[in-house]
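Pasting a structure below so you can have a look.
Think of it as A, B, C and D in the order they're written, each chain with its own count starting at 1.
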């Protein structure tokens, strides 16, 4: 285990053991086999020196900054900072010192200098309504900025559910006409890291993978790294045994809830949500929604906001009686219309009746 | 479409469509059928205790003398799968929860193990009556595409529901979505196939009871 | 010579009603009606399944009165009803259906199949697909006055015979009589004892009664062929006669379909309620027995059983009276299996006995009656329908069974003490 | 207030509850078999391996059960590196229970390693070299 990065680390007082421990944990979080932790440590240790770090440009669109908050509050900032040390974050509005024309200049310089090589990170959705006027930076609509920045990018990371799937801005009735990155950009590799917000270690995991193996991690059909989104919350949930035994909390304060039983009937979307919360957890591994007694909202799935209510069990329909009264009215009207037609036909047949005589029995 | 979107669709838009078609179809068909009316019976009536429309609505649930022996599979199989369906549909706790969510009405359910058993027995009875339909010359002769189709429509929701509960073959999400989808198909086709007898059986029994009751005949 | 498919379909469009629509919508093709039909149980041929006999009518209903049916016809999914098809169905609607109503009694969803067959016959007859045999019977009834061609002089001759033999008066056209007695032509020709029996019974009961010169024939071939216009014509003769003589009650003879035609269809055919009561002779006897107006002496000692005519029992609701009457005069009265409400038809009702080409099938179906009789092995068989009686006799002869068939009214009358002598003394 | 004081996982601890209510899923006993197999492999082909306990659907009660079943062996090692890590040998020599905590004290990852000595305990030659340099510096200071 040798290389510029580990040397840098050593100078900062980070031992090889510390680094190995970090990599073992990262591999565990990425659901890689324990042996991969060593490979990762070996590879990252050899990451290039500061002069040739890959450039990362981070553009915020229609978003709430929750994703940035999440990333900057990752549980081992010093170590994760190390990973960021392996890259060059050339533009991040929230974090960068520069502002105004200075910032714009930095962005343009970075794009020009690293053309075809930089990693573009997007958080937030792209509003298409009113020609994109709902969200502009420096007089440019998000759509324009995205197209411009995407042109020279090696790959794009769509950070958070808004960038990945449209997220809350896209929720019905979607007033701004919000769309996801992949709705706009079709010719670049896109990695979706959905979640509201996404788990910070996913971002570092993706970067670590990029640095370790020189490639993007394997993605699922929704463009998400399989390592983190390969299984449902439900599959990895520590409450899963109770589900299998049919033990469900019925309210948030009943005996079942106190016993830590399955929250399925309280609307948990764990069975249909792919994310790593159950294993990676939140706030430095302290807890996660289901562990704190609340069902999963399904925030890493497309259109989770409109998936029929957070507290409705998955087996419950959304609102099937929505059109029932209209349907009843239409049915009744149709029925009455047919009745009139039928009655007309019947009385026509009756009035056309010719009394049968004996002769009429034969053809 | 992934399984989550599939589930969201079947329990959202899909169910909206199915319930709407069902409600629309039932009303349309009921009007279509019963608005044809009938002539008043001018013959002097004869009254006999038990000869009325309402009496027959209930009495026809019991086989007439000698018939059980002539067609035991139809009767026993028919009883089992109709009662089984009623248990599975109306006494399974999640189904009651569903009705409660929609209407506020609730009633006690049965233990899920019992409902589980009822589902298995119901499916077994349905398979038996299906074989009877294939085997018996009369049933085979009368059978049309509609008969095979409606059998499938009725069988699938029971099968998929049972498989979802038992976690068989497909993940719960997908199986649950398939279960809801098959129920939707059932709802959509019910008003327009022989399955509509679920509604008209009461009208038919009432009419025969009424028409014959006018003559003082207990049918 | 004007029967046509168009006319038949128009008539069917007239008679299709809500019960029929409900019935067709309820059928689940369970096939249980077949198990109730002796033409299926004895032949095993599924085409005799009762509901199948209505197939063209079902299609017509759907094509004319349901939206989906109309669409189906429009796009060619549902074939229109044709003359050829109706001709093929003639055998199913007439030869192999006696309107016995057993199918209606067993249908689990409550479909009144016989109600629909009766209505289907309206269209069959109007489109010229009624069997020749029944057309002939209708012709004779309308033109001559009786299906067997019996005219008033023949009745008068019978009356004279009875008056001479029994010394009891047979009133004709007696205005204001309580009862007007009807006959079926079979009774006039084959079973003259019936008239004598009536005379004895009425005499003992002390009731006034009469025959009517313009309406002595009760049978209604118009109903059997299924033509309401002609059935109405025949019913009207009786109504006119009864109203002219101002009788209180018209007694339908031992003939099942005559009873149904007059008692249940009559008022509906003429479009207004009757001003008089209609009773079957068995009902009258039952009433007399209950009121003590009927007294008998002695008992039959051999083994007797009773065949319930379908139109009297299952379709007419008269079930207990005949049993009370049998027990009044028989020591050894046994019931056949399924007797009473679920009794099996003789196989010749509903006009079927008039169809010559249907005889072979009728004899096949008679195996049902044979098995019922074999189960109890009676010495004699009693019934209360002249048509049943003829068909039973034919069947018994065909299967070489030596069981005489009697009419219940005559059997009762045989046990009424001779009153002419007591009166004379 | 320490983080651990917040009751985030609610498991019924009453004594009389049956097996199901005790929070056991039944997945833990199966692991013993897998560990035995890995030990066999270590003996026959000298191949070390590890089981990521976080990758398995185990309840806290399952982990307790497993910890109790494997027991405590002779070696207890503690590593101070961005939070404490413990590497404890179980009663089965060659089977190690490794728990990594983060700076907050929360468990970051947990493994069962089947090896003679966990890799993490061994000193790296480069680190040894740094140690040697340090020692030489000390010695030279002495002289």
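In this section, a residue touches a chain if its C-beta (ideal position, glycine included) is under 8 Å from a C-beta of that chain, and two chains touch if they have at least 3 such contacts.
What you see is a predicted model, and the numbers here were worked out from it, not measured in a lab.
Chemist: Look at all chain centres (mean of CA atoms) and spot the one farthest from the centre of chain D.
Modeler: The chain farthest from chain D, judged by C-alpha centres, is C.
Chemist: By C-alpha centroid distance to the whole-protein centroid, which chain wins?
Modeler: Answer for the innermost chain: B.
Chemist: As a test of whether you follow the contact definition, which chain pair has the most C-beta contact pairs?
Modeler: B-C
Chemist: With centres defined as the mean C-alpha position, give me the chain A-chain B separation in Å.
Modeler: Result: the chain centres lie 42 Å from each other.
Chemist: If you average the CA atoms of chain A and of chain D, how many Å lie between those two points?
Modeler: Roughly 33 Å separates the two chain centres.
Chemist: What is the distance in Å between the mean C-alpha positions of chain C and chain D?
Modeler: The answer is 96 Å.
Chemist: Between chain A and chain C, tell me the centre distance in angstrom, where each centre is the average of that chain's C-alpha atoms.
Modeler: 79
Chemist: If I count partner chains per residue in chain C, which residues reach a count of at least 2?
Modeler: Residues 16, 65-67 of chain C each touch two or more of the other chains.
Chemist: For chain A, write out the residues touching at least two other chains, lowest number first.
Modeler: Those would be 334, 338, 342, 346.
Chemist: Of all residues in chain B, which are in touch with two or more distinct other chains?
Modeler: Counting only residues that touch two or more other chains, chain B contributes 28-29, 32, 35-37.
Chemist: Mind listing each pair of touching chains for me?
Modeler: Going through each pair of chains, those in contact are A-B, A-C, A-D, B-C.
Chemist: Which residues of chain C touch chain A once you look at their complex with the stated criterion?
Modeler: 1-4, 7, 10-11, 13-14, 16, 64-67, 125-126, 128, 130, 135, 138-139, 142-143, 225, 227, 229-230
Chemist: What does chain A use to touch chain B in their complex?
Modeler: Against chain B, chain A makes touches at 221-222, 232, 234, 244, 246, 265, 271-273, 298, 301-303, 306-308, 312-324, 326-328, 330-332, 334-336, 338-339, 342-343, 346.
Chemist: Going by the contact rule set out above, which residues of chain B touch chain C in the complex?
Modeler: 28-29, 32-39, 41-44, 46, 48, 51, 56-57, 60-61, 63-67, 70-71, 74, 78, 136-144, 147, 192, 194, 196-197, 200-201, 203-209, 211-212, 215-219
Chemist: Which chain B residues qualify as touching chain A in the complex?
Modeler: 2-5, 7-8, 11-12, 15-16, 18-32, 35-37, 94, 97-98, 101-102, 112, 167, 171-173, 176, 180
Chemist: Give every residue of chain D touching chain A within the complex, in rising order.
Modeler: 3, 6, 8-12, 20-21, 23-27, 49-52, 54-55, 57-60, 79, 81-83, 85, 100, 102-104, 106-109, 111, 113, 119-120, 124, 126-127, 130
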